[in-house]
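By letter and in written order, the chains are A, B and C; residue numbering begins at 1 in each of them.
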Amino acid sequence: MSHTGRPGRQGFTLGELAVRHGCELRGDPALMVESVAPIGLAGPGSLTFLANPKLLAELRHTAATAVVLDAATVDESPVAALVVSNPHATYARIACELYPAAPVTAGVHPSAIIAASATIDASAWIGPHTVIGDGVTVGARVSVGPGCILEEGVALANDVRVIGRATMCRDVRIGARSVVHPGAVIGSDGFGFANDRGTWLKVPQVGSVMVGDDVEIGANTTIDRGAIGDTIIEDGVKLDNQIQIGHNVRIGAHSALAACVGVSGSATIGKRCMIGGAAGIVGHLSICDDVAVTGLTMVSSSITEPGMYSSGWPAERTGDWRRVVARVKRVERLVERISKLERVGRDAQNVDKKQEQE
Amino acid sequence: MSHTGRPGRQGFTLGELAVRHGCELRGDPALMVESVAPIGLAGPGSLTFLANPKLLAELRHTAATAVVLDAATVDESPVAALVVSNPHATYARIACELYPAAPVTAGVHPSAIIAASATIDASAWIGPHTVIGDGVTVGARVSVGPGCILEEGVALANDVRVIGRATMCRDVRIGARSVVHPGAVIGSDGFGFANDRGTWLKVPQVGSVMVGDDVEIGANTTIDRGAIGDTIIEDGVKLDNQIQIGHNVRIGAHSALAACVGVSGSATIGKRCMIGGAAGIVGHLSICDDVAVTGLTMVSSSITEPGMYSSGWPAERTGDWRRVVARVKRVERLVERISKLERVGRDAQNVDKKQEQE
Amino acid sequence: MSHTGRPGRQGFTLGELAVRHGCELRGDPALMVESVAPIGLAGPGSLTFLANPKLLAELRHTAATAVVLDAATVDESPVAALVVSNPHATYARIACELYPAAPVTAGVHPSAIIAASATIDASAWIGPHTVIGDGVTVGARVSVGPGCILEEGVALANDVRVIGRATMCRDVRIGARSVVHPGAVIGSDGFGFANDRGTWLKVPQVGSVMVGDDVEIGANTTIDRGAIGDTIIEDGVKLDNQIQIGHNVRIGAHSALAACVGVSGSATIGKRCMIGGAAGIVGHLSICDDVAVTGLTMVSSSITEPGMYSSGWPAERTGDWRRVVARVKRVERLVERISKLERVGRDAQNVDKKQEQE
């Protein structure tokens, strides 16, 4: 049985999609699509896309009504095609039309607790059991889902969406159209302690967190408030789930960090960087613009030139791996053996030369 | 002072335990146990077990009333023993009898917010401040603790237990008897963005998450909904805390993932796999059935044969470690030195041969 | 424009600060500070500090009213200085005076759900939508923020602060003055399963979690309850965000763990240890007192001597890194080439000796 995807809210003809998204259409403009589905599982009525060349074999057997793809692959399509130079982006735009976000219902759920001094735009929605502190401002068409905490002084710009069960601590600011997923904690204290003869004194964390426009903050991601200045997430940054951002970090516009990344305090990441999953960025360093870091990499000194950086070790059979580890940990012995061979070689040459001289 | 463990809800004689669990009993069948305790701390009235041979020395001095162990170690026990081939499993069964889960109290706490179109079985419990959306179905004897969010269309099968403060996003399905721990987020958006000339377009995440029967989902673990198909967690899978499962991942039945593991989008893990803590599984790859991966390992290409795989480096003194790192990063120089020695050797041989020929 | 920092609640003269904190004062004792700010951004009215020698250049241009620093750097200060041997600790104390924690308002929010058998000190605060179970005890001046869950039997000692949206499962104990940040889960079940012919049996987790005095537990950090004894966090331990502590772990007094660290079950960490971000500690091992572990290190066997330990690999260009990885994985071939050269060398020597003998 083919998987036609959950039906979207409405359908479109390929003709209108081609016009609206500037695609070349190969196929019948009257064909209608009303859902999206994976290329290998798509059925009648659904749209799919091809951006990953590894899926070319699946394209050849797709049962979708239409595929968004580029000129290089269009001839392989057995079905109607919307041809465009960046199929993933065009697919994203069409999928947004097929599955539009529900409009925000204005109002405040009666179980929400709202401080008298908070300013909630009349077009915003505040969900059940959400708690909003003194002086909070919530902009137009903002949606704050159930179970959130917005401490005093938090400011959400227009069209922010907080799905639910997120915490924003005092004075945190979130820019327009940003999205905050469940479990995220923004503006909790940074890890600031001064060692005083063996015990730790807490250093008050008096900065806050400034989040730009069009930022996405994943589920259970944590962003610490600044110790003595602000933590800054610039416009368009995308943070996946379970990321940890330390105090006074700055992340440049349009950078994307995959899940489980940790960024230590006072590190600066440039614009348009891409940080792979579970990478660790050491504190007090700087990564320039346009750097990519692959997954599980440790960045422990500043990066000053764009490019791709790595330090992860691919898995192998445990037995083989243990042999490699043992050998590498004794690499100095190999060096000694080489040095000895070199000395022997030099001595031999000297003997030869001496013999020649004799 | 010995630690006798928190008392269980009831006690059993060794005789009835031996019969019920198919153990050979060494000792007095009338002895009674009513709690469990660690082998080294157990006192009178408590039951302990030996599954880890490292604890054999502690067995010899245990003050427990009885020990569950296997035939190979029974002669070392100074106290009564229940002898069985898999002591850990039998211990688990007995401990479940001593500490049975409290029965679910039927009802809905008055502070819970339940959509009119939701269907809650009369035998289920919905805790305080929990929010349940349109069309949610909650099966028999389900317990949903305080502060949870079940968005529209979520379905919990019979006997599911959600401890509290967990989020299940729209249309997520959880199979029978599964357990969800606090802070878990199931079905939040996957990390799907299409790059469009330097900025990121959100790709609607229209799939959902299907969780099988008898699954356990740890505290603060996150499971993303599928981008364009579903994320699937098969029956009997055990996920520890703080795990991240990307969109469209599939995890095969009875696999167990330890804490802090990250699985990137569209990866497939087979059945009965065991993934060690903080391992990272790169996206769009496949791990076959019966694979074990040790902690902190990076799996960056598909694994097609059962067995154990690793890539973690054991710690050593920082000074020694830095020397190893420096040497390894210049390994090419060692290769050059070896190659030079080989060339010198070959030249010498050639000279020798030439001299012989002359 | 200079950044003078958020104003504190009150101001102090340098004269009174010098007396109260035992500093030597260089400058006008009548000068007043009322905020703290980063050394490079500080302006009039603000206090800053210098503890990191990397910021010496910024000191020379600071526009702060005064700087806390030590005797070695005081001559570089262009502004008034409070001179002391541990500037970070003294700064922390002064900042605590400038930004004192708000006093706890006694009371229980009407939306909180409190079991009749719970004992809440009259001076404590219980926030909105918090749920408190049977037999819970809450000490003097405790503050429990919004949306928390304290299951039955939880005990919070005097002056504990739970910011909000945290979960403490049954019987968890938290010592005096400890702080719990949002999203933390303390006392959820450990990951205990016994394998029974290919499927997993849950092992009841009957221990609890004992947290000492003056402990800090970061946002979204999880601490599992003991399987069959307790998990123990001793006095003065500082846990950053997103840390995972497995069942039956013990962490010694005044140890500090940075974000994203994972500690597997039954590991023991000594006193005054410092564990770097995202380090992984394997289960059932022991780390002695006064050990430092750098970030992303895997500790897979016990550490019995104080000192610093590492196993992280610093990133480099991906192309260079891949060459290193490929070479290292074939390190055995280098060993063979060296061995062969050694054999050739020995054979040649033997030939030489033989020729000499002839």
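Note that in this section a residue touches a chain if its C-beta (ideal position, glycine included) is under 8 Å from a C-beta of that chain, and two chains touch if they have at least 3 such contacts.
Nothing here was measured: the structure is a model prediction, and the numbers come from that model.
J.: Copies chain B and chain C touch; is their interface built from the same residue numbers (over half shared) or different ones?
T.: Shared-number fraction below one half, so different.
J.: Just send me the rotation angle from a CA overlay of chain A on chain C, rounded to the nearest 5 degrees.
T.: Copies differ by a rotation of 120 degrees.
J.: Counting in whole Å, what is the centre-to-centre distance of chain B and chain C, each centre being its mean C-alpha position?
T.: 25
J.: Identify all positions of chain A at which a residue touches two or more other chains, and write them in rising order.
T.: In chain A, residues 111, 129, 147, 165, 183, 220, 242, 260, 278, 313-314, 316, 328, 331, 334, 338, 341, 348 touch at least two other chains, as defined above.
J.: Over in the complex, which chain A residues touch chain C? Could you list them?
T.: Chain A residues touching chain C: 111, 113, 129, 131, 147, 149, 165, 167, 169, 171, 183, 185, 188-189, 191-196, 198-204, 206-208, 220, 222, 224, 228-229, 242, 244, 246, 248, 260, 262, 264, 278, 280, 282, 284, 293-294, 297-301, 303, 307-311, 313-314, 316, 323-324, 327-328, 331, 334, 337-338, 341, 344, 348.
J.: Could you pull out which chain A residues touch chain B in their complex?
T.: So the residues of chain A touching chain B come out as 3, 5-6, 8, 35-38, 41, 48, 51-52, 54, 86, 88-89, 91-93, 95-96, 98-99, 109, 111, 127-129, 145-147, 163-165, 179, 181-183, 214, 216, 218-220, 236, 238, 240-242, 254, 256, 258-260, 272, 277-278, 295-296, 312-318, 321-322, 325, 328-329, 331-332, 334-335, 338, 341-342, 345, 348.
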